[in-house]
Each structure stands twice: as structure tokens, then as C-alpha cells.
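These are the structures, in C-alpha cells.
Shared between the two complexes below is chain A, which has chain B as its partner in the first and chain C in the second.
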Partner chain A sequence: MVCDMNFSELLQRVVQDTVGTNPFGDLGRVWQGQQPTLSDGSLLMFLPELIVVGTILALLFVRLFDLDKVFSGQSVALLGSTVALLVAVVQFLALKNFDGAASDAVHKTMFTGLLVYDAFGVFFKVFLLLFLQLVVYLTRLTGLPDREDAPDFYTLLFGSTLGMLLMISSNNLLMVFLGIEMTSVPSYAMVGFLKGRRTSSEAAFKYVVYGAGAAGVMLYGISLLAGLLGTTNFPEMAVRLNMVIGTHPLKMDATLLTLLLSIVMILVGFAFKLSIFPFHFWGPDAFEGASTEVAGFLSVASKGAAFALLLRVLLALVGPTTEQSGLMVPVYFYLGIAISVLAAVTATFGNLAAYSQNNIKRMLAYSTIAHAGYMLMAVGAMLVLLNATKHVPDAQVRWDLATRAVEGLLFYLWVYMLMNLGAFAVAAFIRNELFSEDITDFGGLWTQAPVLTFAMACCMFSLIGMPPFGGFTGKFMVFSSLFQAGHYHWAMWGVLAIAGLNTVFSLFYYVRVLKFMFIAPAKDDARRVKVPLTSAAGSYVFALAVLVLWTGMWGAKYLSATAHDVASVLFP
Partner chain B sequence: MNDTFWLLTAIIFLPTAGAAGVALIKKESVETMRAFALAITFATFLLSIYLTWGVFDPTDPGIQPKAPELVSKDAGGFKSAEIAKQYEQRGVSTKWIPGWNIEYRLGYDGISVPLVLLTGLISFLGMVASWSIQKEVKGYLILYLLLETGMMGVFLALDFFLFYVFWEVMLLPMYFLIGIWGGPRREYAAIKFFLYTLFGSILMLIALLMLYFGSGGGDTLPTFNILKLSAIGQGLIPDLAYSPAVQLTAFVLLFIGFAIKVPVWPFHTWLPDAHVEAPTPISMILAGVLLKMGGYGILRIAFPICPAGAQAACLVLVALGVISIIYGAFAALAQTDFKRMVAYSSVSHMGYVLLGIAVWKLTDTGSVDGSRFWLQGINGAMFQMIGHGISSAGMFFMVGVIYDRVHHRDLNKFGGLIGLMPLYGGIAIGLFFAGLGLPGLCGFIGEVFVVLSSWNYSPVLAIVAASGVILTAGYILWAVQRVYLGPEYKGPHPEAITPLTEREAFVGLTLLAFAIILGVFPDTLFSKMKTSTEQFVSTMDAGYQASLKPATTTAAVEKK
Partner chain C sequence: MNHSPVKFFPVSVKAVLKKYRFDPQNRGLSVDLSSYLLVGAVLFVAGVVCMATKRNGIGVLMGVELVLNGANINFVAFANYTKLGLDGQVISLFVIVLAAAEAAVALAIALSFYNNHLTIDVDQANQLQG
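Up next, the complex of A and B:
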């Protein structure tokens, strides 16, 4: 098709795809809360990302032209993230009525099919940009980068976020790799941002080595898959896969072997990003060496983006209708079980390893691993439910069940963002006051800074999964998907039981933090901590704690409904 | 949403509002905070009194209120409108998480109303007893009030999800209340309590999922409504049923969750630690109210939803009840710590509750063999719950009073207290006799009803259970002898022994008065719950019969 065109025609097409037929006239449509029409170019849909890019440029120019005396890097970053968040929210609201007939029109591609623009992607855009803004605000409160370093730090932070924004909208294997690398490289630098510290450099180095290795494996897997299928485009993958494999009886020939190898290699890349056992080793070291704020950012944002991308890749492989995947259905079914079992192992490992940690960041790193395990269970359950064709012939029922699983994952991610950020923020504020990140030094904090300990208690209980906090509701939804999947394979009930037991295990180390904060007396030589509720730091963590509580009570209604709507656009 | 909705909501959330109020009071004005918190608990107690005598209709056996605005809607699905009225459409509700059909549904009947009243009373008296707390009063009062919210919520919730949330909510303040204000081994006791209960909760959560997803099929959305779940479990809804295997699994999971709370041997080991280390008012609440939640859960959830499972497990339950009675009594005999002895007496006394609930004997044809006896057992168990709530709270308070003065609890280092503190000695002996089960006091009725009803189930077990009464008399009389009688006080700090303060006397006399009233006029309590327990027995019987039928004819609808 391309061969028939001359060069200028091709160029014309690309330009039109990018800016649209009437770029300036349509620019206002999104602001008026309307959906972009087909005449809108990709740039309009790409606006939040463009604003992030613009902020990065502004940050660099501020330094270049010596303007950072007037505009501090922090205020530029805060402004940029706020505007990008607002645009994303407007985009999401414009897409909000994605029920019924409108839903097909909503799946739009950008930049000649490299990126996709749908409610799922925009939902994650809001997620990431909100989180970015919260982190920028947190760093402003804790003063992590001083005035001198601020442009550097925020450039890295925004660059990493930009990579995540590409990840969540990926519609092509190339963009998968590009997005992941774009996320990772600035993260390596951020982990090593505390330049003077040996542990920080060591952590960054470990992270780079692991990350590069995992990326190489993943790239190899991607190249195998692309070579096998002859395409890197997501919407075509399932069909091509069916052409390659679907007609053969399922036996271990070279094609199937290559396919499985490529899938496993791609999953290894994801397992690294999500710190899934046995690719989790970088996590605790990187978190311990990095500053608390960076660790908090990595623990939430990169997980969220990686889960969104994992769903996109898996669903591209499975295809919109399972009928197309034919003989691959049992492969995916057991892949789902394998993922769930791996998730159960990860959760167990994370929870057991967290016991003996005394450094709060290291403990939270293992807790992050455990939570990645819980969330991965939802992904496994989704695959099982989606491919249980033998037990549930009605595709609509399977999609409904899978939608529930994704809803649980999305709900969990949102709550996880709030509660984990809350925990890291409290740890950062305590570090600023006590100059210590050891849990044993937290004694008697309760009487000195009640708001910090209240917020920490809310976050810890939510991380355990206690009602009425949001963590429970998220966990409940994930567990219910596991339970449903158990109807089709008993192993999923085993995973559910392990997940339940893990909740009990995790009690110890979360409550240990609270034990020191509330029960143990303050050390004699310890500094007095003063963070009243009325201070900016106090109100920041208090607001996060209230949000964690809100997501478990009144907010659950809205969040679960939104998550359900968003999840449903993934399935026909 | 009607008046009852707001009344029940107020009973649950007035303490939460009070906690927020306490948080706003300045840290220095300790007495203001105490007075305010006391006023809140008293107001909640008044609301529960109003609920019991002003709103509650003891002649109606089902869940109240009847919610007339709901009767017209959605009568389909039930075998008859009559059954529909009995079940799903009772209580007051509003949507909570509509996507999952989770409701904020509240209601009460003859089984829950006495427990709500007990919670109101013990929370109020515990707050009066809380003047002994000196450390970090503000945090204590906030957590105490939140705890009351959790307890009230458990007894009034009719949505299983909501029930679960309240069940857990009560854990959080309890952890801190034991952990911060407790005795020397408080950290250990607090985490042990938390861990045991959380473990039970997770089992309950899995049962919750089983029952939830089993309650919907085809176009019917699954539900958490306890009444509808019970109707399904009892085979009252066509095309929906839990197979006996599902019922048994769910029952075992639920029962372990509740049994940990009761506590039933062998899940009781958290109790002595938690009760001993907790501060006095919290011990009163633990023994007086928290343990009743386990019994209430069995009566409200485990039995009605899983009649077939319950029936299959009855013998084990009876055996566990009897073992708890005997084990608890022997363990209490062996203690030298006064408070630990009282704690083990709780294990023993709560064994009667389980025994009374479980004496459900069927004849060969499948109908209840002597349903009057089972009814007697249920009534006895309910009475025992309330009676033990009064007497054990009183005993813990009495131990706390003397501990506050002499700072030790060694049974062998007391003596002669009745001479030094005559009023205290009198009240204490009265309350201990109530715990012993002396006729005329509240402990007697429950025990005697339970033991009598168990004779029908198994004479051997009845004899063993009855011998528990003798052991109880043994340890209580021995303790009374060592602490209150005798010529002189043998322990440390004899100079600190001062007469009861007015506040302490108020708490003790109130509890003693309730013990006597319940012992002499047991019908004040029976009249409130009689119709509900009667209906409980008859529907359980019918439900058991019905739950067997669909399972044998059609495959169980356990999947989606």
C-alpha cells in the first residue's frame, strides 16, 4: 500500500494524522468537554504529554538563562504537573460517557497507530499525573532537591513520567520497549541522585545493571515475537498469532517454542519492572539507597504504568475475542494460573522478607513487592476468567468476569497510590526531623507529632487490608476475582488461601512500625519532632490519610464505578 | 430513610462523632474531655434504652423495622410473599457500593436488641471506670468511643459486608487500647489478640466470598444481605441454594472466625493474655461485649445461612462447648493471678453459650427431636451471654479496683478485704456469686437452661457440663475465701487500701443491681427475645429440611 504513494503524499498523511485537518479550530473542543472527533490530530490527544515535555524544556531553559532566581524549579514543576493533570482530567471527563455505541469511537489511535487513545489510557494518565503532582508537592515540602539541583531533579522526574505516559498508551511493541526504557533511564539517575552517598550510588548501579539486563531480555523477546508474527502492532497480533499457530494441533514444535519463549522473555521484563519474584532483588537495595521521595515515586508510578502496559500486552495477545485465539486458549488459561502462582510466591516472599527489616524504606520496598504480588493475582485471575471457554461458553459472561478482575486491579492501584505515598511521605518527614530511617527510632512519636502517626496508622492498616480503609476494598475485589477464577481451576483457590494467609503475615511488620510509634517510649537523646496538623507537612499527610479512609467508605462507590467503566472498555 | 434509620445510625455513629468532638478539645482540659466522652456514652446508652423499650416490638419475631416502603418492591424470587416479608424486605437500608450490591443495611430483633442494650450499658459503665486512666487521656477516649461504634455496628448490621467492616473496625482501637494502656506484657497481648482475630476474619472473608457469589445466578445480582443469604441457605428461594458441601465449608470457616472471638477451646489462648494486660475498663468491654460478638455471629450468620453445615457440625460444637466449660474451669482453678482467674472463667462461661446454641438434635426422620429443648438451649445461651456480660464485667471491675490500690493481683497475697473495705467486699462477693451461678443472680438462669437442654442431646455431655458448675463454685469460692475473707491482708501496700470511691461504688452497684434483677425477674430479658428465638428454632428446622431437598434434586447452584 505504501509503495503506491509518493513521498509527499506519505508526508501529507503523517502530518494530517499528527495535527489533524483543523488543528486550531478543534483545539477548544476538548476544553469544552467534547470528545475529539476524527478530524482531530494526534497532538490534541497527546496534549498532557506535550505539556510534560514543555515543562521539561522550561526547566532546562530556566537554568540556561539564569532565571532560576526568579522562577524556582519547584514552582515550574508544580505548575507544569498541575496543568498537565487538569488537561488529562478534562480528557477523561470528555471520555466519561463511554457506554454503549460510543465506546467503539473511543478507541482511537495516535501517531499512525503507535499509541492508543482510550478511556483506559486516559484513566492512567490522570493516575500518573496526579501522582506526579503529589510527589512534586511532597518534594517541595521535604526540600529534597535544593534550589541548585531542582531543575535536574524535576527534569528526571518528568522524563520518567513521560516514559510512563507512553507505556500506558502503547499500541505497538516498539512503543512498549521505548516507553519502558524512557521510564527506566531517568529512574536510574534519580536513585543515584544523592550524589555524595555511597549507598545511593551503589543502589543506582545495581538498578542499572539489573534493569539493563532485564531490558535486553525483554527486547530479545519482543524481537522474537515480532519476527514470528510479522507485526508489532497490537490490534493485529492476535489475528496473526492465530494464523501462525491456530491451525496447528498444539504440540511442541519450533514455532510454539519460539512463541512461548518470547512471551516468557517479555514477561521477565515486566517482572523486573513490577519487582516480581525472582526478579525483585533490585527493589530493596534501590529503595534503601534512594531518597524516600524517589522510592515512593518508583514504588507507585512505575508499578501502575507497568500494570497498565502488562494488561495491554496480554490482551493484545489474547485478542478481542477468544474465539480468534483458538488453540492458544488453554495456553493462556494456564499462563494465567502460572502468573497467579508466581504472584502468590511474590506476595509470600515480600511479606516474609519484610519481617526483619529495620529501615523503613527497605521494609516498604518489601511491602511493595508483596503488593505487586497481590495486584498480579488480579491479572492472573483475569487471564483465567477470560480463557475459561471450556467452562463458560458465553463470551459476554467471561468479559464481565474479566472486567471485574481489572476493576479490582484499578481500584487497588488507586488506593495503593494514596496509602503508599502516605507511608513514604510520613517516613520522609520523620527523616527530616529525626535524621533517621530506622523504625526503632520512631519511639514515642505519637505524643510529639500525632498527625504523622495518625496518617501512618491509616496507611499501615490500609496496607494490611483492614476495613474501613481503601486497602481492604481493593483487596476484597482482587480476592473475589480469585475466588471466581477458582471455579474454573482449583489452583486459584489455593492462591486465594495463600493471599489470605499473607494478609495475616503482613500484620506483624506493619504493626511493628505502629508499635514503635505508639507504644515504645522515645529514646532519651532523640530530637523532639514537631509537625503540627496546621503545618503544610501535617496537612499533606492528613489529607492523604483522609483520602485512604474515604476510598474505603463513601469513595468506594465512585471509585469502583469509575474503575468498572474504565475496565469495561478493554473488552468488547 | 425513616426515623428508625436515623436512630440506628445515631446509635452506631454518635460515639464516632463524640470521638471527633474529643479530638477538638484542648489536650490540657482532661476533665472536660472525660465528662464529654461520658456524656456521649450515656447518650448512646439512652438511645439503646429507647430502642429496647420505645421502638422494639417484642411480639414481632422477625427483623425490625419492617420497612413498609420496601414491601411493595421486588417481591419476586421468593416462594411466597409471606416468606419474602419474613426475610429480605426487613431492616432499613441505603446503597453503599451499588456496583457490588453492598448495602448499608441495619435492623434489630429479639436477639440483637439485648446485646445492643448490654453494649450501651457496659460502654457507659466502662467510661465511668475510665477515670483510673491517667496516661494520654485524649487518645484513650477517642479510641474508646471508636470501639463503641464498632461494637454497636456489629450488632445492628444486616449486610454481611458491613458486618465484616464493623467486626474489623473494632479491632483497630482495641489493639491500641491494650497496647498503650495495658500492663507490662501489653505489646505481646495486643499483637496476639490482633493476630488471632485477623486470622479468623480472613477465614470469614473467604466464607463471605463463597456465600456472596453463590447468592446470584443468571440475572440476579449477588447480595450481601444477611436475610437473603439466610433465605437461600434455608432453601426458601427457588433456583438458588448452597449445596451441603458449600454449607459445611462455609460453616466451618465462619465458625472458626466466631469461635476465636467467643473464645472456644482450642482458640482461646489469646484471651487470658489480652484480658489480663488490658486496662480495667477495656477488660470489662472485652469480657462484657466483645466475647458476645462471637456468639452473636454464630446465631445471626453461621447457623441461619448454613443450616446443613451447622447440623453436620453440631456434635463437634457441643463437644467443644463442654471442653471449654471444663477446661476453662480447671485452668481458672490453677491460677494465682486474680485477673487471669477471672479471664479463664470467661472461657468456661462462654462454653455454655456454645453448648446451648449447638444442642440441635434431630430424630431419625429428620425433624427436631424435642425442639422445645433446643429452644431452651438457645434461650439459655442468650441469657448466659447477657448474664455473663454483666457478671464478668463486674468481676473484672472488682479486680481492677483492688489492683489500682495495691498494684498486685496475686491471689495468695490478699485476705481480709471485706473487713477493710466492707462495701467493696459486699459488692464483689455479690458479683462473684453471680458469676458462680447462684440462684437468684444472673448467672444461674443461663447455665441451668443450657444444662437442662443438653440432657436431651446427650446425657453424658450434660453430666460433664453440669460438673463444670461444681468446678466453677470451687474456684470462685476459693478465690473469695483467699481475697475477701480471712483475718488479715497479707500483701504489699496495706496502707493504700481505702474505701470505694463514689464512682467505683456506682459502677459496682449498678452491675450488681442488674445481676439481681436478671436473676430474680429473668422474664424481663426473656420477654424481649422469646418470639425471635422461637422463630429461630422453627425456621432453622424448616431451613435444614429445605436445604437438603434442592441439593438432592438439582445440582447445587454454587457457581456464578
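Up next, the complex of A and C:
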């Protein structure tokens, strides 16, 4: 179809697709809260990402022209992330207000089908940009990059976020790899940002070696899949897969082996990004060597983006027409069970290894691994529910059940962002005062800095999954999907039982931190920690703690309803 | 009717050896998709073995480059022989750029590691454990 056009026509089409017919006239309509239409071109839908790019350029120019005496890198970064967040929120509200039922069917593609613009992607844009803003504000409070280094640090931070924004809206196998690499490469540098520290350079070295290896394996898997299907475009993948495999006899021959190998290789790349069991070892080392703020950023943002991308890739493979691709249905069904079992192993491993940790960052890294396991269970449950054709013949019912599973995952991610950032923020403020990251040095903090201790208690109880906090609601939603999936295969009930036991196990090491903060006396030679509620740091962690409580009590209904709407976009 | 866009994939070692055996009567070897895929697979395996066995950090990173180039050969071969078309070539161009960016960052980090440890032996990265 491309071949019968001359070059100028082709160029015309690309320009039309990018800027639209009337680029400037339509800007106003979108600001009035209307949906971008296809004639608006891709740039309008790509506006948050463009603002992030603009901020990166501004940061570099501030450095180049010696303007950092006037505009500090931090204020440029804060301004850029705020504007990008506002635009993303406007986009999300426009998508949501635009006649709820009809907007479910809206899947616009950007840049000739490389990226997709839907409520799911914009929801994650809001998630990532809000988190970016919170992290920028946190680094401003803790003073991680000094005035000299600030433009460099925020360039890396924004570059990494840009990669995540591409990941969450990717619609093409090329964008999958591009997004993952754009996320990873700045993260490697950020982990090694503490110059002249042995542990920091060691952490970055381990991260880059393992990360590059996993990315290479993933790319090889992508190349096999792209060659087998003859396309890299997500919407076409399921159809082609049906053509290649659908009428295939059920035996292990080259085509099926290649397909399975490519899926396993792609999942290896994801398992690395999500620190799933056999590929989790980089996490604790990278987090311990990195500064606390960077560890907090990596533990939430890269996980969230990777889960969004994992959902997109899996759903592109499964496709909307599951009942037709006869041979692949049992394959996906058992793939879902395998992912859930792997998730259960990951959660167990993370929780067991977290026991003996004395460094707060290392403990939180193992806790991150455990939580990635809980969240991966929702993905496994989704695959099982989506492909239980034998038990639930009605496709609509299966899609509803799968929507519930995704809804649980989205809710969990939001709560996880708040509680994990809260825990890392408290750890960063304590490090600034005590110069120590050992849990045993946290004695007597309750009397010295009650607000830090209160916030830490809220975050820890939420991480455990105690009822009034958001962590409980998220876990409950994920576990109920697991229970539902258990009706179709008994293994899911086993996974559910292990997940429940894990929740009990995790109680001990989270409460150990609180034991030191509340009960143990301060060491004699320790500095006194002064972070009152009225200080910026105190109110920051207090606000996070209140938000964690809000997601578990009053906000749970609103957040889960939004998550449900967003999740339903993924299924026809 | 064969729907598969891929012609066939060599999985049997015997068949591959038979195809490429030295045959003085028949000098002309037919080069098709599977030959390219074979080169890509050899590069991939060599890269993985290199990553797994090298103790020198730079050696490990060279293994990563081999893996990426193995995938690149696959992409270009698929671009020529399957419906993937130009997409495959475009992807390989992107991968070349990304590999360069990754190598630059990785070498900078290796240098920083060397500055702190006076070695790039990956076994010396043992301070963070547990």
C-alpha cells in the first residue's frame, strides 16, 4: 500500500498524521475539555510527553548558558512536571467526560500506529507524572542533587520518565523495546549518581550488566515473534497468530516452538524489569547502592510502567477473539497459571529474604519484590479468567471477570505508589538527620520526630495490608480475582493460600521497623532528629500518610470506580 | 494451504549439517532465510555464553553487543524474506542507535567502577550482598 505512492505523498501523509489538518485551531478545543479527534494529529495527544521533552531541553540550556544562578534546575524540573501533569489530567478528564459508554470504544493511534491513545494509557500518564512530580519535590526537600548537579540529575529523571510514558502507550513491538531501553539507560546512570562511593558504582555496574543482558534476550525474543507473525503492530498480532497457529495440528513443531521460545524470552525481559523470581537479584543491590530517592523512584515508576506494558503485550497476543484461536487458548490458560505460580514464588522469596535485612533500603527492596509478586498474581489471574473458555463460554462474562482483575492491579499500583514513596521519603529524611540507614539506629524516633514515625507506621501497615489502609483494599481486590480464577483451576487457590500466608509472614519485618521507632531507646551518641509537622518535610510525609489512609477509606470507592472504567477500555 | 509467513525453521541439527555439508560436486550453496537465522542464533548463543563466562566487565558488555547484533540479523533477514518488510530494517536501525547509547552509559559506569575498585573484574563487585 506504501509502494504505489510517491515520496511527496508519503511525506504528506506522515505530516498529516503528526500535526493534523488544523494544528493550532484545534488546540483550543482540547483545552475546553473535548476529545482530540483524528484530524487533530498526534502532537496534541502527545502533549504531556512533549512537555517532558521540553523540560529536558530547558534543563540542558539552563546549564549551557549558565542560567542556573537565576533558575535553579529544581525549579525548572518542578515547573515542567507540574505542567505535564496538568495537561495529562485534562486529557484524562476529557476522555472520561466524553460520554462514558462511547469512549470505551475509543482507541486512537498516534504516529502511524506506533503509539495508542486510550483511557488506559492516559490513566498511567497521570500516574507516572504525578509520581514524577512527587519525586522531584522530594529531591528538593532532601537536597539530593546540589545546585551544580541538579540539571544533570533531572535530565536523567525526566528521560527515564519519558521512556516510561512511551512504554505505557506503546502499540508496536519496536516501541516496547525502545521504551524499555529509554527507561533503563538513564536509570543505570541515576543508580550510579553518588560519585566516588564504592557501593554506588558497584550497584550501577551490576544493574547495567544484568539490565543490558536481559534487554538483549528480550530483543531476540521480539525478533523471533516479529518474524513469525510478519508484523510488529499490536492489533494485527492476534489475527496473524490465529493464521499461523489457529489451524495448526497440536504437536510440538518448529512454528510452535519458536512461538513459545519468543514468548518466554520476552517474558524474561519483563521479569527483569519487574524483579520477578529468577531475575530479581539486581533489585536489592541496586537499591542499596543507589540513593534513597532514586531507589524510591525505581521501585514504583518502573514497576508501574512495566505492568502496563505487560498487560498491553499479553492482551495483544491473546487478542479480542479468544474463542477463534483454538490452539492458543489452553496455552494462554496455562501461561496464566505459570505466571501466578511464579508470582507466588516471588512473593515468598521477597518476604523471606526481607527478614534478615538491617539496611532499610535493602529491606524495602525485598518488600518491593514481594509486592511485584502480589501484583503479578493479578496479571496471571487475568490470563486465566480470559481464557477459561471451557468453564465460561460467554465471552462477555470472561471480559467482565478479567476487567475486575485489571482493576485490582491498577488500584494496587496507586496505593503502592503512595505507601512505598512514603516509606522511602521517611527513610531519606531520617538519613539526612542521622546519616544512617540501619534500622537498629532508628531508636527513639517516636519522641523526637512523631510525624515521621506516624507516616512510617501508616505506610508499613498499608504495606502489610491492614484493613483501614489502602494496601488492604488493593490486596483484597487482587485476592478476590485469584479466588474467582480458582473456580477454573485449583492451582489458583494454592497461589491464593500462599499469598495469604505471605501477608502474615510480612507482618514481622515491617513491624520490626516500627518496634525500633516506637519502643527502642535512642542510642546515646546518636544525633537528635528534628522534623516537626510544620516543616516542609514533615508535612510532605504527613500528606502521603493521609493519602494512604484516604485510599483505604473514603477514596477507595472513587479510585476503584475509576480503575474499573479504565480497565474496561482494554476489553471490547 | 500454508498460512505461515515463515518458510521453515531449522531445528534438526542433522538437517542443517546435511544442507551445509561440503560437497565438491555442488559448489553453489543456496542462501535462504534459515541461513541468516542460523548466523543470528550463533551470535546470540555466543553472546549469552560470553555474558555468562567472562569475568571482565567489558567482556560481559561485549557479550551483550553480540546478542543485540544477533537479533539485528534476524530483523534484517525477516525484513527480506517475510511480510515484516521495511519494519524489520527500521527496527534494526533503532537497535543500533540504542546499543550505542547503552554502550556509552555502560562504559561510563564501568569507568566509575574502575575508579572506585581499581579493577573491572565482576567478581570484585561483592560489597553489596545478603
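Simple rule for what comes next: the second predicted complex is superposed on the first by the 564 of 572 C-alpha atoms of A that agree within 3 Å, B and C clash if a C-alpha of one lies under 4 Å from a C-alpha of the other, contacts with A are read in each partner's own complex, and residues count from 1 in each chain.
One rule holds for everything that comes next: a residue touches a chain if its C-beta (ideal position, glycine included) is under 8 Å from a C-beta of that chain, and two chains touch if they have at least 3 such contacts.
Please read all numbers here as calculations on a predicted model, not as lab measurements.
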Touching partner for A:Glu202 - first (chain B), second (chain C), both, neither: second
Chain B versus chain C as contact partner of A:Thr232, first or second or both or neither: second
First (chain B), second (chain C), both or neither touched by A:Phe461: first
Partner contacting more residues of chain A (chain B vs chain C): C
Which superposed partner A:Leu507 touches (first chain B, second chain C, both, neither): first
Touched partner set for A:Lys557, first chain B, second chain C, both or neither: first
Which of chain B and chain C A:Leu178 touches, first, second, both or neither: second
Which superposed partner A:Phe61 touches (first chain B, second chain C, both, neither): neither
Complex interface listing, chain A residues touching chain C: 2, 173-174, 177-178, 181, 184-185, 188-189, 192, 195-199, 201-206, 208-209, 212-213, 215-217, 219-220, 222-224, 226-232, 240, 243-244, 247, 254-255, 257-258, 284-285, 288-289, 356-357, 362
Complex interface listing, chain A residues touching chain B: 392, 397, 401, 407, 446-447, 450, 461, 464, 466-468, 472-473, 476-477, 479-480, 483-484, 487, 496-497, 500-501, 503-504, 507-508, 511, 515, 518-519, 556-557, 560-561, 564
Footprint of chain A on chain C - complex, ascending: 3-6, 8-11, 37, 40, 44, 47-48, 51, 57, 60-61, 63-64, 67-68, 70-72, 74-75, 77-78, 82-84, 86-88, 90-91, 94-95, 98, 101-102, 105-106, 108-110, 112-113, 115-117, 122, 125, 127-130
Parts of chain B lying in touch with chain A, wherever the complex brings them together: 95-100, 136, 139, 164-165, 168-169, 171-172, 175-176, 179-180, 186-187, 190-191, 194-195, 198-199, 202-203, 205-206, 209-210, 212-213, 559-560
